[in-house]
Amino acid sequence: MLFATSAGSTPLLARYRSIREQTQALCAPLTPEDTVMQPMQDVSPPKWHLGHTTWFFESFVLQPHLPGYRPFHPQYAYLFNSYYNSMGSRVARSDRGTLSRPPLEEIYAYRRHVDHWMEKALADEGFLQQPQLLDLVELGLQHEQQHQELLVTDIKYILSSTPLMPAYAAKPQPVYESFQAKEPQNEWCTVPAGTYTIGHQGEGFCFDNEQQPHQVYLPEFKARRTLVTNAEYAAFIEAGGYAQFQHWLDEGWQLVQQHHWQAPLYWVKQEGKWWHFTLHGLEEIEPQAPVTHLSFYEAQAYATWSGHRLLTEFEWEALAQRHANPVAEGNFLESGSFHPVAAAQPSGSSGAAHLLGNAWEWTYSGYFPYPGFKTAPGALGEYNGKFMINQMVLRGGSCATPQSHIRPTYRNFFHPDKRWQFTGIRLAQP
Amino acid sequence: MLFATSAGSTPLLARYRSIREQTQALCAPLTPEDTVMQPMQDVSPPKWHLGHTTWFFESFVLQPHLPGYRPFHPQYAYLFNSYYNSMGSRVARSDRGTLSRPPLEEIYAYRRHVDHWMEKALADEGFLQQPQLLDLVELGLQHEQQHQELLVTDIKYILSSTPLMPAYAAKPQPVYESFQAKEPQNEWCTVPAGTYTIGHQGEGFCFDNEQQPHQVYLPEFKARRTLVTNAEYAAFIEAGGYAQFQHWLDEGWQLVQQHHWQAPLYWVKQEGKWWHFTLHGLEEIEPQAPVTHLSFYEAQAYATWSGHRLLTEFEWEALAQRHANPVAEGNFLESGSFHPVAAAQPSGSSGAAHLLGNAWEWTYSGYFPYPGFKTAPGALGEYNGKFMINQMVLRGGSCATPQSHIRPTYRNFFHPDKRWQFTGIRLAQP
Amino acid sequence: MLFATSAGSTPLLARYRSIREQTQALCAPLTPEDTVMQPMQDVSPPKWHLGHTTWFFESFVLQPHLPGYRPFHPQYAYLFNSYYNSMGSRVARSDRGTLSRPPLEEIYAYRRHVDHWMEKALADEGFLQQPQLLDLVELGLQHEQQHQELLVTDIKYILSSTPLMPAYAAKPQPVYESFQAKEPQNEWCTVPAGTYTIGHQGEGFCFDNEQQPHQVYLPEFKARRTLVTNAEYAAFIEAGGYAQFQHWLDEGWQLVQQHHWQAPLYWVKQEGKWWHFTLHGLEEIEPQAPVTHLSFYEAQAYATWSGHRLLTEFEWEALAQRHANPVAEGNFLESGSFHPVAAAQPSGSSGAAHLLGNAWEWTYSGYFPYPGFKTAPGALGEYNGKFMINQMVLRGGSCATPQSHIRPTYRNFFHPDKRWQFTGIRLAQP
Amino acid sequence: MLFATSAGSTPLLARYRSIREQTQALCAPLTPEDTVMQPMQDVSPPKWHLGHTTWFFESFVLQPHLPGYRPFHPQYAYLFNSYYNSMGSRVARSDRGTLSRPPLEEIYAYRRHVDHWMEKALADEGFLQQPQLLDLVELGLQHEQQHQELLVTDIKYILSSTPLMPAYAAKPQPVYESFQAKEPQNEWCTVPAGTYTIGHQGEGFCFDNEQQPHQVYLPEFKARRTLVTNAEYAAFIEAGGYAQFQHWLDEGWQLVQQHHWQAPLYWVKQEGKWWHFTLHGLEEIEPQAPVTHLSFYEAQAYATWSGHRLLTEFEWEALAQRHANPVAEGNFLESGSFHPVAAAQPSGSSGAAHLLGNAWEWTYSGYFPYPGFKTAPGALGEYNGKFMINQMVLRGGSCATPQSHIRPTYRNFFHPDKRWQFTGIRLAQP
């Protein structure tokens, strides 16, 4: 098993319950109609997420490894398989929005059914002594956490698609100092030249794509302490950034013209001011908060326009090794903010702010295999490796990432035109 | 007003209530998720139908003519306008499936709000004395009946789009003899040559597209007494009809190849037998029942293959004048059959069976204006006239048409590739 | 044979030579590169026209009927079959522009080869006594004349596609009085109510789609004596015609927005004046000449805007029966004008001007079969019948139609969005 | 100037003449019709290549730097600009195939005109003393050599698009031993772990994308001495490689299904044997010659299936530093082979065969900027940098690359789905 190194057994059951409940809690504010929407192909209906994460445990843990287990419904393997060719045919990704049935309550019954058997298994001494099965359970939990992030971003896109633009959640009280941030300083961290070990080492879970750890030589570089803010990005817009080809990669420039991009996704200008749709409804942009919902093209164009560049994923990981700032970190899914927050006032710390959480940081690195990368045999070999083309690596997690899910070696990846994730910009020089 | 000649006032209120209730009754078996589905562009979500029919009364009756009326919601005019350029901008047709909100219960509140004011108006002596307003109410009711038919066909398409293929309604007991039909005879009605008056005359409501009545000269022709049956159409399939270009119009032949059409919509072959999805679930085809869910191209190809042809809409109307068979008619929305039924045993009557109801009959006539056709001024002028291109006329209504909505002069119209309505074939010769 | 009633034998050979030479004469001004262009799918490369018209004689006359004939090249049947499924597979229509080979000179060798054998056959007494073969030759000649018109319109589109916009031919001196036309009067011809015989009767060639002649009853109507002029159409543009949905059929209005139509095809505005590309190069529009290169949608919108309507094809033919104006007719392919010309000064004649020639007149009639229409058996049955859907009938021929090819019963047909033919508008009322 | 380090002046004039003549020599076998074809968007018409390479000298050398120079034609800047936004608007790439005019002879006149002035400048002492101008001339020559390669591959695609599949050139006699190659041995070169300097250093021209040279640490790896052969690739096909998702990246697998890929581009199976279209016409595949015309996806799938992997571009360059085999190299544009040839029999040399020439080698490296990469100011800054997304790096040149154009640091780049270049596979392990 290439993925998991699992922890002890008792916490596993607790984690199982907690993660499974968290998924359902994220869906609680939705109407039944919200749960079947697929307003664009990248978005999956929440009901499908609820079913698919459950199918994962059923297909990879219960059915092959728990004697006597019977699938909840003979057609669910067809309905809730995402992209595993090894697991047979399935509903086309673009057709997930046609599934009005099964009704929502039946999906919850499906979850209860699978949870019942999973809890039974996780309480079974014999089961717990099979490390391979614990690895599978761990992978299922990590997988469900990935879908929690997608649930948040998909729900945001779904709610933004109705002209009524309803709020998903009330805006929380600021719970840490960063909400009272002052003007971020244009401060930079220096990472010295040298050979760095990139990739996951040691204990704890990681995905196969974080393997193998390997040496990368890097020249010295500087990285911005804080992410690019809404105010900074608005200056780029006002300066004509979206009308000047010079800053853009050619395919990005074509998208700008084809889709008439004028600002990040969800931004609208009303009476001379920028507003954006958030999970709290339509709000005026907060100048000091990080800009988010950008394509790679926009991130790269901003960096070029401002005389800087993006980091590579290797630089990013070296930065995290040298300048992590444990104090100032925060703003994960658990904060309930559902939006990136301004960085805290620099307080003598030289660390980079919000390396983890807040907003995914586009890197100028393609999502390709590390040296020695191997896929697992069978269906789980399709988990990551087959997507290693045409996508760019993002690092660090976002306000929609569960805190226990993220780590500095984590490699997220999206096509460079995607904008519906909580994506942001960290600048590098020279 | 070009559309309506309304009847007396008391029945109008009763009809208003009855028709409005019927729409909601059709939606009762649905889950909330079903009501927001748009699995293809032609289909509108049931929730949208519920809102749009209500918006029609609000926009054309209450808001302009009822002093003091306030719209239920400022954005509903944007959400529920279908295609009236005169009424301002609107949600694109292809995006109706993105409207998870407003929630279903709010749509019902909208309906209650509008019904409350409509009933108040319809109980008001002054209001009732304005013939133009009665015409508008009548048009609103006819409009809502059109959407009842679309609700049935759209629901069928929606339910067919989930692999679970749930039933919408239990199959009713056969309520008239036609369900016990024997083999339909290959019997033909002769319509003599002569000049016929085509179009609506006399009292009662009609749409503008049925005007003006005019003279059409027709040579003698024969029309089949009964519609082409499933058994007859299956013979066409088995004879290779979908593999032989000779029978097809060129654009139809291209569609056959592009979409791999092998049979009518909803038909599937399982273990050597034809089944089809109905609103009662997946069922084996009934050999004597009329074939339905055909494009014009398939209807025309069948007619050619069998050595016959389709009628023109003028011939169809002349046939209805000469050979209507009031006894044998039936099978409208009210029957609850939700599917065409076999024609009754010929019983001495020489009339054409099921001219009205059962299945719409494709004619080989384009949907064009009659001589002297005029559109109403303003938004209602957009009701019919602007669609008079590239569509073919269908006649007679179907099992999803309310009985009080159909008449022999009624002109329905669809593009020749459409298959999701209850469409069938009546043959002509020579 | 449903198509032809051929004339005597001697003239046939002369006609054969003359028509074949005319095709080549039309290609003489082209560069070799011009002859392979397909800048849009509707356009066929001139080289393909040269080959296809030759293939027609080879495939339908020589190969089946002339013993000992050997095809010029084994692959030409594949290269030059247009749309005859009966004749086997072929180059896709959209790929005709990929045929750089065979080289132009080889196509001319192909023509010489086929002409050699055709002339031999046409000089053979035995051959000439087979009426069926004479019919086939006649059809081949009519077919080649159809392609002459397409050559002119396709060449125009090809030359317009290079920014250099070269002239194809010098502008001829005006050869008849119509070039000195004064302001056309707004004069109308009245056609009385009655039953008219529509379709081809008597001697002479006609296509199958002009059969059978049949009775049509028409109410009285009026038709404009002259076609709508550039000046009149420019007034529609200046009045905002392309910005007001009210005048347009819905599908036309969508095209206006999608393609940003602002004027007829080939029109450009330069320094406040309208110019258009003609086969003589870019020229200022002539106010009194008929407007041309309009879609059906534009013709219909203009008619609506001006308070009139288009004729049906039946009305058009009745108009031709009642008001043909033999004196004023003219401007066919042979005139070398390659563009519609202004109508001659009304001179006491009550006839409709330019019913034949000048510009095809869109009618508000779908291209459907006449009563009793039958297709020929075999490949020639694919000539016309299979296109009888989604197209509108045009009547009267144009400046690109050979004079001997056109007649009042001739039915041309195009999809309503097509603009690259010489199409114009004749108005009707009421 | 970031691009060029030019050599002395006298050879420059000779090189200018030689390169310009070579371009025209490549077009000599074409018919005029061949020169305007664009059978797919990636292909440019040969006439356009002839014009565009000339426009490059006119626009970047003559017009800005040669006093008194007048452009040949005012519209050619519009016709022959490829993608330089800085140089104004231009014919859309997809519309290059609509340019039947200017005629071919006029393009040659354009070339003579520009050559006349260029030769005049290159003979001028004052001009020659401006290093910046020499850099521009050098860039123009390198640019023209790039288009020579494209001419060969575009011509191949053009000729393959007509069913006649004509030969472009006679097959040359084998001029070096590699044509008599025996079975290639499965031999591997080992490259030791270490830090390598990647990128261009020292004298001589390079493109901006080869800058800056930088250190890259690489673990030890092995690379195959020879490219994968047709016989080896055919074994992959016969083993079901195109029917098994396991070997493919997900987007590649989708392309396989969408385009029904079954073999490399140009391969066809006839009576159980594989043939392919070459510039010598249709030929049976030579088992020992390298397989070519593969997408990155096919190269990667083959590597996976065979238990190996592709190199990164850094590994490739390190391989070239360690194992270049000057003796065995060869097969560039100048050989006239127009197709990859089998590797010579291993003869005691441990070098990798055909690192340069023969076939471009797909690497598993995205085309991204090197550390310190800078674009030139102005239009030439658009030359390379703006394409650094979604493309994969290819190394080593091909049988269509001029020998003087290629070097080990050269970075070519194409989207991973492209197949019309001479692309091949070099395997790596582990």
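Labels for the chains are A, B, C and D, by order of writing; each one numbers its residues from 1.
Here is the rule we go by: a residue touches a chain if its C-beta (ideal position, glycine included) is under 8 Å from a C-beta of that chain, and two chains touch if they have at least 3 such contacts.
Only a predicted model underlies this, so the values are computations on that prediction, with no experimental measurement involved.
Peer 1: Using CA atom averages as chain centres, what separation in Å is found between subunit A and subunit D?
Peer 2: 38
Peer 1: Which whole number of Å gives the spacing of the CA centres of subunit C and subunit D?
Peer 2: 47
Peer 1: State, to the nearest whole Å, the distance from the C-alpha centre of subunit A to the C-alpha centre of subunit C.
Peer 2: 60
Peer 1: Two or more other chains touching the same residue: where does that happen in subunit A?
Peer 2: none
Peer 1: Counting only chain pairs that touch, give me the topology of the graph as line, ring, star, complete or other.
Peer 2: Per interface graph, the chains form a ring.
Peer 1: Applying that definition of touch, give me each pair of chains that meets it.
Peer 2: A-B, A-D, B-C, C-D
Peer 1: Residues of subunit C touching subunit B in their complex?
Peer 2: Touch list, subunit C to subunit B: 83, 85, 195, 214-217, 219, 245-246, 248-253, 296-297, 309, 364-366, 368-369, 371-372, 381, 386-390, 416, 430.
Peer 1: Can you list the subunit D residues touching subunit C in their complex?
Peer 2: 31-37, 39, 47, 75, 78-79, 91, 95, 97-104, 158-159, 161-164, 166
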